[in-house]
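One chain, chain A, links the two complexes that follow: it is found with chain B in the first and with chain C in the second.
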Partner chain A sequence: MNYQFDFHFLEGSFGSLLAGLRVTVELALASNVMGLVLGFLLCLLVMSRWAFVRWPAQLFIEFFRCTPALLQIVWFFYCIPMMVDVYIDPIVMGVLALGLNLTAFNAEAYRAGVQAAPKEHIDACVALGLKPWQRTFCVVLPQALRSAMPVLMTNGIGSLQQSALVAIVAVADLMYVGKSLATQAYRPLETYTVVALIYFALSLPVARLVHVIERRQELAHQR
Partner chain B sequence: MHLDFFSVLPYWLVLLKGLGLTLAFTSSCAVIGSAAGFVLSLLRMSPSRWMKAATTLYVEFFRGTPLLIQLFWVFFCFPVVFRLPIPPYLSVVIALTLYMAAITSETFRGALKSISSEQHDACIALSLSPQAKVLYVIFPQALLRAIPPLLSNVVSLFKESALISSVGVADLMFVGQNISNSTARPVEFLTTVAMIYFLVAFPLTRLVGVVETKFLRRFA
Partner chain C sequence: MLSMRTMAAQPNIPPAVLNFTASSTGDFVQFRDVYKRYGENLVVMDRMSLDMRADDRLVIIGPSGSGKSSLLRVMMGLEGVQGGQIGFQGKPYIFGEDAGRSKRIDAKLQKQIGMVFQHYTLFPHLSVLGNLILAPVKVGGLSKAEASERARMYLARLGLESKLHAYPSQLSGGQKQRVAIARALMLEPKLMLFDEVTSALDPEMVIEVQNVMLQLAEQKMAMIIVTHDMHFARDIATRVVFCAGGKIVEQGTPAEMFKCPKEARTREFLEKVLHLD
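Up next, the complex of A and B:
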C-alpha cells in the first residue's frame, strides 16, 4: 500500500467536527436520560397485574426490539410530521426515536433487575407498612438499578452508536459532518478514520467501566 | 390524513425480493461471522499477550464504533487501501461479517468460560492433541451453550443489515424507502416494511426463549 495519508485538510474543519460531536453527545445523553427514566416505568407496566396494561407495554417493547433502528428513525422523521401535521425540530425528533428505542431495551434490562430483588424485601415492605410507591421507588428501584447497571450502560453505548443513524435523515451529527467532509475533500480514508476514532474514544471508557462493574458484581456473588 | 394500505399490495413482489436479499446477507454473514468469532474468542484466550491485546482491540473497536461508519469505512476506504475495485455487495458482506465476528466472539468467550476446568484437565489426562481438544471437547459444548445468545446476535445482525441500504444495496429497507419516496406514501410503506421486519425477527426472539428453556435444560 502506498497511499499518501494527509490529515492536514482536517485542521480547517476542526470546528465543524466539534459541532457535530456536540450534537452526537447531546443526542446520546438526552436519549439515555429518557431511556433510563421511561425504561423503568415501562418495566413496571410490563410487570403489572392487569393484562390490559401488560399487553400494550409488551407489544411496544417487542416492536422496538424487533425492527431496525434505522427504520424507526426514518419512520419517525417521515411519518410523524405527516400524521400529526406539525413541524418538530429534527434534534428533538432524533432524541424521541433514539430514546423510545432505548426505553424498550432498558425495560427488559430493568425487568431482570427487578426480579433479582429478594422476595424477603417485599415482605419487609408489607411488614413496615410502606406504601406501594415507596416500595417501588425506595426499595425495588435502587436494587434493580444496581444489578441492571452493566446492561443499562451497555445499552447506553449502543444508543451512542445508533445516534449515528440520524445522519441518514440529515441531522448534522458527527457522522453527517464526517460524511460531508469526506465527499468535499475526496478523502474518505482520513475522515472516516478520524470519525471512527472519535466514536471509539467516547465509548471505550464506558465499556471499560462496565467491565470493572461486572467483575465487582461477580466477586460479590462469589462471596 | 387519508391512509390507504391497499396501495402496498401491487408492490409485494419487489418487497419480497428486498426481503430475500436482506435474508441472504444476514444468513451468509451470520455463518461466516460466527465461525470467525469462534476463532477470535480462542485467540483472545491464548497465552500470548500480543495476540490477546490485538484481538481485544479488534473486538472493542468494532463494538465501540457505529456499524454505519464501519460500513462506510469498508465501502469507501478498502478500495483505496488495497487498490482493488471491490463491488458494493462484497464490501457490505465484509463489513457485516467483521461486525458479526466481533459480537459473536464475546458470546463464545462467555460460553468458553462456562466450560469447567475439569474438562481441560481431562483432556490433558487423556493426552489429547490441542486440535482434538478444541474440535471434539471444547467446540461442541461451547456451541451448545452459545446457541441462545448466538440467535440473539443473528436477530441483531438482521436488524442492523438495514444499514446496507445507505450504500445503495437494494435490501428490504432500501426498497421500502424507494417506493415510499416515489409514491409519496411513507406512512403505508414504511409501516409495512416495519411489519415485515417484525414478522421475521419476532419469532426468532421467541425461539431464543424456547431453546433456553426446553433444549438446553436437556443437553447442557
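Up next, the complex of A and C:
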C-alpha cells in the first residue's frame, strides 16, 4: 500500500467534528436515560401476573429485538411525522428511536437480573417476616440491579454505536459530520479513521469498567 | 393406588373438632393429621401427627423424600397444607385448605419462628450487620441503633464480632451459616427450625456450626432439626423422629431410637446410614 496519510485537512474541521460529537453524546446519553427508566418499567410489565399486561409488553420487546435498528430509525423518521402530521425535531426522533430500542433490550436485562435472584432468598425473607413489597425492594431489586448492571452498560455502549445510524436520516451527529468531511476532502480513509477512534475512545472506558465489574461479581460468586 | 386411598381419606378429617388446649405436655407444637401433597400424586405429609414440648429438641431423620423438609417448610409457613391443622403455643396456627377458612396461617405466631436453610441465604448486597438488622428494623420495629446493639451481642456470642462489616462473599461457609443463625435469632424466636444446615459445608466447618446449635440447646431453645448427621442427632436431640413416605414411623429418645429401634423400617434405615458413617 503506497497511500500517503494526510491528516492536515482535518485541522480546520475540528469545530464541526466537535459539534457532531456533541450530538452523538447527547443522543447516547438521552437514549440511555430513557432505556434505563422505561426498560425497568417495561420489565415490571413483562413480569406482571396478568397476561393482558404481559403480552403487549412482550410484543413490544420482540418487535424491537426482531427488526433491524436501522429500519426502526428510518421508520420513526418517515412514518411517525406522516402519521401524526407534525414536524418533530430530528434529534428528538433519534432519541425516541434509539431509546425505545434500548428500552426493549434493557427490559430483558432487568428481567434476567430479577430471575437470577435465588429462590431461597424469598424463603429467607418469608422466614424473617418481610412483607412482599419489602422482599422486592430490600432484597430482590438490589441484587437484580447488581447482576443486570454489566448487561445494561454493554447495552448502553451498543446504543452509542447504534446512534451512528441516525446519520442516514440527516441528523448531524459525529458519523454524519465525518461522512460530509470525507466527501468534501476526498479523504475517506483519514476521516473515517479519526471518527472510528473517537467512538472507540468513548466506548473503551465503559467496556473496561464492565469487565472489572464482571470480574468482581465472579470472584464474589466463587467464594 | 396409594394416592387414591389417601386422597379419598383426606376430606373426612373433621376440622372443627380439633382444639388446641394448653396442657402440661406437648402443647408447644401440635401437628394434627397434617396432609400435604404436590400435584395429584406426590404425598409428602400423609396425615402426620406430632407433639412437641417447649423444652424439646426434635431431630427429624429419614430417607430423602420422606417429608422431613416439608415438615419444616410447612411449620415456617413457606408452604401450605391441604388437610389437618397445626397448633403453636397452644393456639391454632395453620389450617389445611379443607378447613374452609380464608386465613390459613396466623402471622403473629409465624413471627415467633426462625429458620436456617441448607443453602446460604445471606443477602449478598448487605453486610453482616445489614443482614442482621434488616428484619428487626423493617418488621420488628426496632431503631437502627437498638438493632445494631442486638446484632453486636449475638455476633459476639457466636464469635463473629470481627465480621460485623464484612460482606457474605468474604465469609467461609461455616461463618455464613453462623451469621444466618444469628440473623434468625435477632427476632428472638420461640422456636428455631434447622433444615440440613451443615450438609453443604466442608467437614471442618460442620463442627463450628454444630457447636453454635449445641450452645442454643444449652440455653433451652426449642428446635426442630432435620439432619443426616446421626452423631449430631444423638448429641442434640431430646427426641428423634423417624419419617418415611410422608408418615412418622417411629419416635423416641436418642437412646431408644439408636440402640433399639422397634420398627423394621427404622432399623433398616439406621443400619444403612450408620454403616456409611
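By definition in this document, the second predicted complex is superposed on the first by the 200 of 223 C-alpha atoms of A that agree within 3 Å, B and C clash if a C-alpha of one lies under 4 Å from a C-alpha of the other, contacts with A are read in each partner's own complex, and residues count from 1 in each chain.
Operating definition for what follows: a contact is a pair of C-beta atoms (placed from the backbone, for glycine too) under 8 Å apart; a residue touches a chain by one contact, two chains touch by 3 or more.
Since we're looking at a predicted model, the values are computed, not measured.
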Chain B versus chain C as contact partner of A:Cys66, first or second or both or neither: first
Which superposed partner A:Gly129 touches (first chain B, second chain C, both, neither): second
Chain B versus chain C as contact partner of A:Arg22, first or second or both or neither: neither
First (chain B), second (chain C), both or neither touched by A:Gln143: second
First, second, both or neither for A:Met83, with chain B first and chain C second: first
Partner chain in contact with A:Ala167 - chain B first, chain C second, else both or neither: first
Between chain B and chain C, more extensive residue contact with chain A: B
Which of chain B and chain C A:Arg215 touches, first, second, both or neither: neither
Residues on chain A lying within both footprints (that of chain B and that of chain C): none
Complex contacts: residues of chain A adjacent to chain B: 1, 3, 62-63, 65-72, 74-75, 78-79, 82-83, 85, 157, 161-165, 167-168, 175, 178-179, 182, 188-189, 192-193, 195-196, 199-200, 203-204, 207
Of chain B, residues touching chain A in the complex: 1, 60-61, 63-70, 72-73, 76-77, 80-83, 155, 159-163, 165-166, 173, 176-177, 180, 186-187, 190-191, 193-194, 197-198, 201-202, 205
Chain A residues within the chain C interface of the complex: 118, 120-121, 123-124, 126-131, 134, 138-139, 142-143, 146, 219-221, 223
Residues of chain C that touch chain A when the two form their complex: 73, 76-78, 107, 110-111, 113-115, 117, 119, 121, 123-125, 134-135, 138-140, 167, 169-171, 183-184, 187
